[in-house]
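Consider the two complexes below, in which chain A is the common component and chain B and chain C are the respective partners.
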Partner chain A sequence: MSTTARFALLPRDGLFCKDGRGWYTSDVGRSHSHPWPPPSTIRGALRAAWGQSLMARSSRTLSPAQWERETQDVALGPVLALLRPLGEDFAPEHRMWPVPADALAVDGRLQRLLPRRPTRGVATLGTEDDAALEALWRPVLPPGKPRSLQPFWTEDALSGWLRGETPKSRGQSGPPFRVDVRVTLNIDTQTAEPGMLYQTPILEMLCREPLGTGAREWALGLECTLPADAPDFPGGPLGLGGKRRLTLAERVTPALFAAPRGLPERSPGLRLILATPAQFQRGWLPDGLERAEYQGDPAWVGTLPGVEGQVVLRAALVNRPLELSTWDMVQRRARATRRLVPAGSVYFFERVDGRPFTALSTLWLAPWGNGREEGLGRVLPGHWNPEEMNT
Partner chain B sequence: MSTAHLLLMSLGPVQDFIAQARRTRDLWFGSHVLSELSLEAARTAQKLQAELIFPALVEGEEAAPSVPNKLLVLVRQGDPREVARAAREAARTRLRDWGMEVWYKHPQLVDAGALGTAQEQLGTLLEFHAAWCSFSPPDEYRNALSFVEAALAERKRLRPFAPWKHQRGGRHKSSLDGARESVLVEGRREGGDWSRFRIGRREELDAIGLLKRTGGKPGQFIPVPTIGLAAYTALAKETKAPAMERLRRECSRFLTPVQPGKREWVRDFPFDAQLLLPGRWSTYLEEQELEREVAERFGQDFVRPLLATLGEPFPYVACLMADGDKMGETLQTLASHGPTAHQSLSRTLSGFASEARRIIEEQHRGVLVYAGGDDVVGFVCLPDALGCAAELSRAFSAAMKRGLEGRGVKEPTLSVGLGVGHVLESLGDLLDLGRRAEQLAKGEDRNGFALLARLRSSREHAWRLRWSDGPVKAIEDTVTLREKGTLPMTKVREVYTALRRIPRHAVSPQDEARWRPVLLGEVQRVLARVEAGTPGAGLTPQQAGLDLKEDGTLEELHTQVEAWAERVFLAEMLSRATLRSRGDTRGAA
Partner chain C sequence: MSMEIRPYLLHALSPLHAGTGQSVGIIDLPIARLRATNIPFVPGSSLKGVLREARRSLPPAEWEALFGPLREVSGAAGDEAREGDHAGALVVGDARLVALPVRSFLGTFAWVSSPLLLELARRDLAGLDGLPGRMKRLPATGARVGAGSITVSPKQRRLLLEDLDLDAQVEPAVDAWARFLSRTWPEEEEGLRERFAVVDDETMSFLLETATQVETRVRIDPDTGTVVQGALWQEESLPAETLLVGVLAAGRSLRRGTELSATEVLERALKGTALLQLGGKATVGRGRCRLAAWPGVSREARP
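And then the complex of A and B:
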């Protein structure tokens, strides 16, 4: 009988999630890490821990094929970035969110990007000829040079943003990187082998703060489904990411994953922000939408999971894909690269029947697209008024 | 009044594409590929009677060394959509044909079964965006430019992509981007093209990486270690000429020399200078298929004697990135004079880009990667880097003064960043350092210079000053302080450590009143303990090059002391890079 578990993972010696480049990307052997662990890495760690616990309980050794089979029902639900002062219990106010793509900093001020119908006087063309793409609404950019934003927003900032309010802060930087340097030793000479030096960037999850404010630690909050009841799982440290760095697990309450108070229940338009990367069959375009004519223009129309009625995609703010290349531990070989819509991407919808969207809170951290068992495609529902013109 | 269309086109990806580079040739050729695709698009637009505004010229002696990725054209007749579409297809076809050309030229390297994968990688790389509107020239030009620029920026907030369709699975990914599947054949990698293009045993390349690596000619590109060690090889040639000549002759036996062109300084040692780094010659020569013992003997016989007399080289290089400040505003203001004013400014910028090449490659020991107007990317050896940055800034100001004379437009300035990293870092990482240095140089108030260095210990040091405040003199003065031995590094580190124990921001006026004197007192106390000739005299902050504004807030003081410490760390690095002959000690020829 499957069961749901919720805990926070606390890497004790930093975290390293190598991207698809090999170890030897330079003559000094520098590897490269994802700036934040993809959910698939976390699921991999859970499956490994589940397999280990199975072996410990049954006193048998699993073959790679058995391991694959017996751990495949370990499914990852929502994954959260968490940042708390040392010594506090995890609570919703410690949640950190990817910065939404509809936020822009110009002249030191954050602004909301509101999509509007393309201006008739100016035409555009993209990499492919696609009338539906050119007919999508576009955000009106304020004058001035945009400044880059910090990668994370606090709970306060994000919940306000979903209501349509603009936070004052430009966000929170992620955990800093430190660099671990390793050498290969020659057994005979006990000296470093020429050219066999390599460096790995490690996410340092403990941050010292300026005097007086103590230290804070980053963690990964997760909800997962386990194939059987296992109240003590994981029962000890896990190995997470490259070099299976030791990671402690701390139980957390369901409240950590609950929707914030004050989330609007109704909205004339729907704004969906990706809390985790999403995998759609056609790349950037969400599943369930098909090309059609809408109000005289080519458009994508269809249905969304958990949303009543037909919707039309009005706008999408999506950056280049997150290219995810992972390693198959059973086959001992690289998997094919998947192109995911990056976390923070935003989609805007209207209902075809013109009615407002309701029960927005039911969409909180709901799954969208493929790879649901890997924690992919979790969404944050936000308010959008298609008639609104100013930020 | 006749109407025309203003068409703005942009080709990409730029930064990511160029930064995906391991070897020097990946970087140089990647930048060249982008320039060639833009050139192809521009030529196609011209063939369809479109008139180039930015850049005004793409060919001929007056054109900039590189064609920028953004093209602004005037379409007086015909359909702008067809012009944009034709430009896009021309660029795409050029890339595909080029990629396939190297594919068929190097059958030893590629996996024939990966042809579909390679075609997909080449066919999907190009990102193209265009926006256009009609207007009546010249009066409505300014508004039309605003419209198309805004539309293009808005359109780029969505970058559509499709999943990969032609992956074979089970293959490693490119060592350059980590995303695209390798198209290299599996199995033994020996001889022929493998060593000619220095494709390592564990290295993987996708079709784009293969194009970058094999597209140029061997010897066409100056290796980054050769740039980084240029001052060292110059000194070696000057003071140890016989030993250098022996080394050079020996290298000629099994290595292809690089082509110096107008870069006279390359003639001092026209080979990859990583051969001069202890611990590297074996690895490098083994890649050239020399026996390990032979490689080791080469080092002992030909390099060690040089190192014994000159000391080991300081193996760092500066990635220089410069960018015009507030160019968008300048162009907008100038737009009221119509497209001809923009064409004129474009010619001025082309002239500056050519001048930038001369400054970097002929006046200093460096190599230009890209110069497409106000945007300059290059590598310079450390002892020349400050002078090169300052000269570029001066040349840009002079060019803008000439180009904008009588237009009533405020002349833009040039911010320059120097990102310093180890010569064996991946080119992508060096570029990243350069880019971050450029951002730091720009700051909030522009017209800046910044130096950012990452040492092998992975510690980073960064410092910035506006050009008007004399950054070169400030850092040179600090170098002099260090070289005189007046200011010991231990004391600088002590101040730096003390600074980390003192908060930057006060939480209350009482807190401010408590911490300010602590900070001031600590700095003065540490420096007073410097034993500089007169016993007990010590140094005042001013004598240490720290002009403390004692009436500043805690945050201001913190920033000031921190900037001073960073400047001293960087001056120390530059001092180590400045070479002096140690005189003969032993073993020199």
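And then the complex of A and C:
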């Protein structure tokens, strides 16, 4: 019997999510952190907490192999970034989303990047040896120098974007980093041990409100499946990220994960934005699509989970890959590094039969690709009109 | 239950310099602060190192179960996995400021806190008996004090902090907070109660910058009796009497052959911690602190 738990994680002392670069790869004693914790880190923390609770209940010590076996059914569902004024209960308006890759800021205002059919003689998307890749639609960039966008969008901004509206704000900066310097002291000399002075970037989750009026805090909202009924889980703090920094848990309601009102019921094309990083078998190319011919051109055609009928991939706006390195606690060594499609990447689809997509809200935070138990590949469905730039 | 948790009060008995090891400002050796809010804190890693040394008297196996095995080799070679490696059962959180002693025209000094600092402390203390309710934010610049405060002028009801002149109102919650904090420190209850004050968050932000202790130090050349070239520096400390709140958490021992429950881990970690030497500059008297957990029933799980 399994059970579903929903809670928000509030890192008390900030977060340190070390990426794959070791302490000794570049500057000695300097580590590097992910700007936002990958879902795999969160699942690791949940598994550790579940293992600890099993040990506490049974008064036995699990071996690493037992730990691996007895916690593998702890699965992570959707993971949300949350930002709320201190003291308020979590609500959907506190959700923060990764900035979509089809947004561009030029001349101080946001614009939607609209893919359109390729014309002959334009620059290629790759090495020009992949006809299906070359046949993908691509957006026309407006004149002017694009400015970097803030990494997060508010709930309002994203809801409007999914409907095809453009928000006024360029977004919200993420939580800031501070640098903690640490040292190991030699107890005989009370001086620093050679080679043991090191620094860690810490993601701070508490921010001051503008104008100094109170504070706001970042948090991680998550839904997880546990292998047994455990209504009080986690029932205490968790250690999250590097150095097992204490993280408090707070119960949240299912409404926090529900689709926003106002999602369009029908759309001629479908735009899927990744809310969390995704793992596909063939890199950036979503699973379930195969090379075929569509309307006389090479294309990727196939099916998508939760979508009726066959679809054709029209465009893909994909950010740089997220290199994810994780640690195997049983083997006590690093697992092979995975390359994930980062959150915020956007895919555009049409239906092969030419009919519109319906019931977009059923795709809200649906899983896509591999690593579903790790919370990877959750999507946000948006409206797209393929003819908007092609008429 | 994943981990058992026990909050503690850290009381600076002498100025406390928990530094950052780096500076970009005019103070050469600033104290550690949260970057986004500027709240001073003592890193948990600092406290864990001190506890590790303070508890050397434990049997070696228990000591290692609590704090984790020490690296045998410094540098990259020490990262290699070893047989029997395990994490320590004790997790030490950062200690965060809850009240700062600030010079007061009346009563010598006041222990000054703010609704934000108290709200953060409330989370750490949640589940403890008698925890006061949420302190509402002050709508404007001002202060709240307990009945019988010796830091306000009886007639004008004003709190005079350094060069700040604040209207003060009597608020029972301030009294409740002072009594609650002093449960770790019963002999000083009256002193804390009559000096405890809560100011608005904006005023507290100002005090976080201006009410710390900054000292200029020099090194003298013994031959000339003058300052050594370049040996003049400023260092910042949290003043004596500063109060911070932190959290210790523990799970079961993960060391093979050493069975300790989370409660036993916490009891061993906290035993004999009445006086600790924390932070830097110990040879010039910095960092003498008192660490005490709240007595009575400790929380077993968060609501």
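We take it that the second predicted complex is superposed on the first by the 375 of 391 C-alpha atoms of A that agree within 3 Å, B and C clash if a C-alpha of one lies under 4 Å from a C-alpha of the other, contacts with A are read in each partner's own complex, and residues count from 1 in each chain.
The working rule: a contact is a pair of C-beta atoms (placed from the backbone, for glycine too) under 8 Å apart; a residue touches a chain by one contact, two chains touch by 3 or more.
In this text the structure is predicted, and so the values were computed from the model without any measurement.
Contacts of A:V318 after superposition: chain B is touched, whereas chain C is not reached. Looking at the shared chain after the overlay, A:L86 reaches chain C, while chain B stays out of its contact range.
Judged by the touch definition given at the top, the superposed model places A:L136 against chain B, while chain C stays out of reach.
Judged by the touch definition given at the top, the superposed model places A:G235 against chain C, while chain B stays out of reach.
Of the two partner chains placed by the overlay, only chain B lies in contact with A:G126; chain C stays clear of it.
Residue contacts after overlaying the shared chain place A:Q52 against chain C, while chain B stays out of touching range. Applying the stated contact rule after C-alpha superposition, one finds that A:R178 touches each of chain B and chain C. In the superposition on chain A, contact of A:R339 is made with chain B only, not with chain C. Looking at the shared chain after the overlay, A:P254 reaches neither chain B nor chain C.
Common to the chain B-facing and chain C-facing surfaces of chain A are residues 22-24, 178-179, 181, 194-195, 212, 333. Chain A makes touch with chain B in their complex at residues 19-28, 30, 32, 101, 113, 118-119, 121-130, 133, 136, 138-141, 145, 178-179, 181, 192, 194-195, 199, 210-212, 281-285, 315-321, 323, 325, 331, 333-339. Against chain A, the residues of chain B that register as touching in their complex are 13, 16, 22, 80-81, 84-85, 88, 126-134, 147-148, 150-155, 157-164, 167-181, 200, 202-204, 274, 279-280, 282-283, 328, 422, 424-426, 428-429, 456, 458, 501-505, 507. If you check the complex, the residues on chain C that touch chain A are 1-5, 20-22, 32, 34-38, 43-45, 49, 53, 71, 74-76, 79, 81, 85, 87, 91, 93-94, 116, 119-120, 123-124, 134, 137, 201-202, 205, 247, 249, 251-254, 256, 259, 261-262, 301-302. The part of chain A that touches chain C in the complex is made up of residues 10, 12-14, 22-24, 49-50, 52-53, 55-56, 61, 86-87, 175-185, 187, 193-197, 204, 206-208, 212-215, 232-239, 243-246, 248-249, 332-333.
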